[in-house]
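Following this line, the structures themselves.
Shared chain: subunit A. Partners: subunit B in the first complex, subunit C in the second.
Right, the complex of A and B next:
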């Protein structure tokens, strides 16, 4: 399974070198990857539907308890199939949608990276690796949303999405860490056994709030929903992929995955019910006020996510079954509608529903797909959407407490969603074709086939619901509920649920004919925009920026000497306080080794060089004498038998002097020394710092040293790592991860220097 | 600083210093040395060349931007850390080829890690120095 997850990452790396090849005609070949993965996951359907759970585990960082553990149960399987299946269609569609785009290869790279991250997310059993994949989806979706990076709006919405989902990621990490320490394991499977203890723990509320923070930001729940409509700036294949089946469902996945672990309390259920209900009604009302096709779809997606959260909040077996089915239903029809919108946009260059009419005459297959998706979204039999809606009503009717309130809310949502589905899927195709669209070119087969496949699936699975049962039922089993022997069916007899369905369809259809999207409606919604969470968020953002620039201007005032003084002053204060509290201030001279004449000579040289550095008036001389100090330290290292350190210090010192010379080369040769007050101040500061460091070192000498670690290294360097130079063995083997971090930091620093200097150059060029 | 003596000397010193740096890199596992120092020495070799012959000549000699070495080195170090995963061992476990090769001696994944460090250090040092030298 590790290979299946990594293949997307490998492919995107491969595109870095082979990009040119995939930019042209062969782009469609990349669709083989999701197709292959889909086939790979599909082979497990039989095994999983019989209750099997496939677990694979690889050691990663065993010392931290982080394993790459992967679980394929019903829940992961449903998501994996959606990710790869819809991924395949999106890959195919993109090859035509962004044909000849100059960065097509890049797009595929981001897309396959995203797909791989999503797969990792839904398959991870370990919470830490789950978090890593979660962040990877945020990062790769940032690149996808901001793909048109020449447009400011698109960059801005990419950053908003990253900020909101990144915030959720932090919350997930914190939640996972607390949960791991309370439950005693980072493995979700193992946590299942201790769900009782977790619920009884005083940290339970904190864990749940943190997990909710992650899920609500990712799945665009009120009041974090605003990044999702913004993300519509992305090319349509991205919107299709992110918003129908993957990214936004990650939060839903998280909630479902943790339902058996955390979902046994009133707090869990009622929070989800309320947040889900607010989100679905709020977003459903919003769909009425949009005329951009993608805007309508964005809000209807948020509403659908609200419904899912609402259903998970009910927490009953029937509700979870409804949620599982609705995930599949929504993925099928929403992906279709997005793809259809993309085709319309691609061929006519507009997405305004108030002018799009009669397009069936130029793109019949697309119109069929749109129609099927619209009726599935409306829940009209015999589509799969009808089944989804029936189950939703059925489970909502059974909610204990105030079912009347909930059923009203869900009814309103469903009616508005039906309206939105009709507006997006049907209205562009009916009526008379306007003059200006009569020359619209027919879309190619690669464009119209994917939505047709999806919409036909939505229809046929509705007629033969037995086909989807082996995928949906194990999802409920994975959440710890038993489905029983009930089968999905279109006909349940005349009952309340059916009457509710009929009411939805009738009222929704009437609404569709009465209320047409218009500029006036959109404008009226814009008037209350200042109250929306988005405006509040951007206001906060604005003040935060202001505060941080004030803060920065105070501390980062551009004078290197001030930075150094601040840092040193802070260190003196902090370590001085610590020393004052704990130090013993006793020095046993007998433990020190005898001072030799060589060492004395070196120290004298060092001392003279320092004095010369401070008092010389020539910059170059100051730099050179600093070099002398460095070399003297090298000699000390040699005396105390640390040849590795000496060698490194020597080379570093050489390079530092060269760097200084390079920088100072252009400055006037003679320094203007600062006035006496500043010099005295600096002198006091450096003497103070020197004193603190000296006390610190003496203190270290006075403390008995624990030699077990160094002995372990010395004894095992050859035995375990086949090296005789312990220093090097520590660097490349025992503490190799540290070294790796260090060289990464070095590389980042170099990139920083390069960017700072080169970017400044370009700016002057422009002037 | 274009003196004929330095210029002539640097032509011979560059390959010698580079060889020396590789020597230092390879001996690191048994004796003082290693990727970090080796990389620094190699960078000094190029910096010396740049001092004697001018930056543009050194750049021409290099053929590619030194910054390119950073991702290559990082990838090498990372892959050598990942390699044990293929044998079902934790990240960064040392792998060793059982028999000694001529000249080089016993080869292990740590060597490739060290070569990665070596490349990153050269890349970083030269990028910083060349960029600064370019800009001022």
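Right, the complex of A and C next:
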């Protein structure tokens, strides 16, 4: 199973090097990968439908409790089949849709990376690896939305999508960590055993909120839904695959996966019910106000995701069955509608439903696919959509509390979705073909075959629902409910559910004939746009950017002295506080050496020289007095038994002064003096720092010193290295390679100096 | 004497920081040199000072017979002095070049160099 997941990643890496041989015709060969994977997963259908669960585990980072554990149960299998099956059709479709594109190989690379990540997501048993795959899907989605990277709108949408789903990813990681520490394991299977303890834990609410944060952002629930319509900037195959059939359902998958662990509490159920209901109604109303085909489909996808969340929120066995079936139904018809839209866009270069008419005359197979998808979306028998809708109504009627409210909301949603399906799947094909579309070319078979296959599947599975039972029922089992012996069937007799279905179809169809999408409707929706979560989000974004640039401008202002001041101030504060807390002032004065006259004289000279260096107005004088400071230090080295240091200090100090004088004698005296206030401020800061250093030294002097290492060198200098000057022996023998490095550093500095001296700038560079 | 030296090191640090905070590039380098001197003395003092007993094994002995100055801080400081010379000479030449090109040694004016003025 690990190989099945990795093959997509391997293929996308292979494209990095071999991509250029892959553009054009050979691109279709890549569809063999999802096809092979589909066959691989399909062979498990029998085993899983009999209640089998395939578990494989590989160690990855055992010290953190992270392993690559994979479980294939009903839920994973449904998603895997969708990912690879629809993936196969999308791969085929793309080879024709983006035939001429110069970066076709890159597109396939992203697409197969996404496929692999998505498979990893639905198969992972370990929450940490689930998080990693989750993030990988967000990242590949980012690249695919921004695929037309020359368009600003694409880039913006890609960033918005990444920001929203990335935020959700953080939430998932946090949730997983808390859940892992409460439940004692990162394995979802193992967590099932401790679901009681988790629900009783005080962290339960936090875990659920974090998990919801992840699921709602990924699955575009209100108020995080706005990234999805923006994501429609991606090429249509991407919208089909990621933003309708698979990736946006990752949130739904997460909720379903954690239903047995976290579900069946009041908080879980009612939050999901409310969020799902708000999302589905909000998005369904939105579909009425769009005339871009993809816009309509985007909002109807959000509405469908809302319905799924709503069903998971109900949490009953019937509702979960309805949700499982609806995932398959939606993937089939919505992917078809997207592919159909893509073909229309590809051939006519418009997606405006107000002008598209009568296209059946130029693309009959596409019209058939669109029609079948529309009636499946509408839930008209004998399609699979009808079954999905029946189950949804049935379970909603059984909700405890206020079923009337919920049934009204779901009814409204379904009616509007029917309208949206008709507008997207039927209206472009009926009526009279306008003059300007009469020369539209017939789409190639690679374009029209995938939507036809999907829509025919939607129809035939509706007629023979027994075929999909072995896939759908184990999904419910995986969520910890038992389906029993009931079978899916089209005909249930005359009951409330049937009347609701009929009402939906009648009202929706009437609505379709009465309410046509128009510019006027779209404009009226634009007027309340400022209230939408999207505007609020971009407002927040704007102010956040403003805040961070203010923040940056304050700290990173480009003035060296401000950086130094900040660092010094911080050091004073930090070490000052530590000294205040711990300083003992216990220096034993009797251990110190006596003050003698000549030492004091040197120190006084040094002090005066420092003052002169700081306050003189002439550069040369400053350099000279700096030399005096160096010589005074040299004398101190002489006094305190460091002849080597004294010699080095003397020669280096002299050299520096000579170099300075040679280079700088031509520069003018300091022209600009800082104002009085700055100097006082800097003076206080420097004196403060000096004081801290002095106190620090006195504190260190009060503690005993460890001379073990010095003793080692002193005892072995002659014995091992045959040298009597211990300092020299350390430098050239014990630490010889360090000294060698030092010489190299000096050599590099010398080369730098040489280069700077020899550098002759061109006249143009000398501004 | 240690207390006097500790105060002196404090003065060196303060002077160094004060010079680094000035606008002139020359002062900046002088500040760095003074700060470096202060740091060398700091290491030296923390190794404890000993008068008149350099860490050189006398005459025909193989090991020290009596107390000696700590050789490790000395080795460290020796390295530091040499390395800081590398830094200083490079910086001084850099100032010279920079001054030739931009005709100023004011750090604030150098900020604006990548904008066309």
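Just so it is clear, the second predicted complex is superposed on the first by the 558 of 767 C-alpha atoms of A that agree within 3 Å, B and C clash if a C-alpha of one lies under 4 Å from a C-alpha of the other, contacts with A are read in each partner's own complex, and residues count from 1 in each chain.
Methods note: a contact is a pair of C-beta atoms (placed from the backbone, for glycine too) under 8 Å apart; a residue touches a chain by one contact, two chains touch by 3 or more.
Quantities reported herein were computed from a predicted structural model and do not represent experimental measurements.
Legend: residue contacts after superposition of the two complexes on their common chain; A:655 is shown touching both subunit B and subunit C. Of the two partner chains placed by the overlay, neither subunit B nor subunit C lies in contact with A:103. Of the two partner chains, subunit B is the only one touched by A:720; subunit C is not.
When the two structures are aligned on the shared chain, A:758 is found in touch with subunit B, with no touch to subunit C. Residue contacts after overlaying the shared chain place A:58 against subunit B, while subunit C stays out of touching range.
Look at A:203: by the touch rule set out above, it reaches neither subunit B nor subunit C. Touch criterion not met for A:267: it reaches neither subunit B nor subunit C.
If you count the residues of subunit A touched by subunit B and by subunit C, you find the higher number for C.
In the superposition on chain A, contact of A:732 is made with subunit B only, not with subunit C. Of the two partner chains, neither subunit B nor subunit C is touched by A:40.
The interface of subunit A with subunit B overlaps its interface with subunit C at residues 643-644, 648, 652, 655, 659, 663, 724-725, 727, 731, 739, 746, 749-750, 753, 757, 761. Considering their complex, residues 1-24, 26-28, 30, 33-34, 37-38, 40-42, 44-58, 61-64, 68-72, 74-75, 77-79, 81-90, 92-97, 99-102, 105-108, 111 of subunit C touch subunit A. Subunit A contributes residues 58-62, 643-644, 647-648, 651-652, 654-655, 658-659, 662-663, 665-666, 720-725, 727-729, 731-733, 736-737, 739-740, 743-744, 746-747, 749-751, 753-754, 757-758, 760-761 to its touches with subunit B in the complex.
Of all residues in subunit B, those touching subunit A in their complex are 24, 28-37, 40-41, 43-44, 47, 51, 67, 70-71, 73-74, 77-78, 81, 85, 88-92, 94, 96, 106, 108, 110, 113-114, 116-117, 120-121, 123-125, 127-129, 131-136. Contact residues on subunit A toward subunit C in their complex (touch as defined above): 558-561, 564-565, 568, 587, 592-596, 599-600, 603, 606-607, 610-611, 613-614, 619, 622-623, 626, 629-630, 633, 636-637, 639-645, 648-649, 652, 655-656, 659-660, 663-664, 667, 670, 672, 674, 682-683, 685-687, 689-691, 693-694, 697-698, 700-701, 705, 707, 709-710, 713-715, 717-719, 724-727, 730-731, 735, 738-739, 742, 745-746, 749-750, 752-753, 756-757, 759, 761, 765-767.
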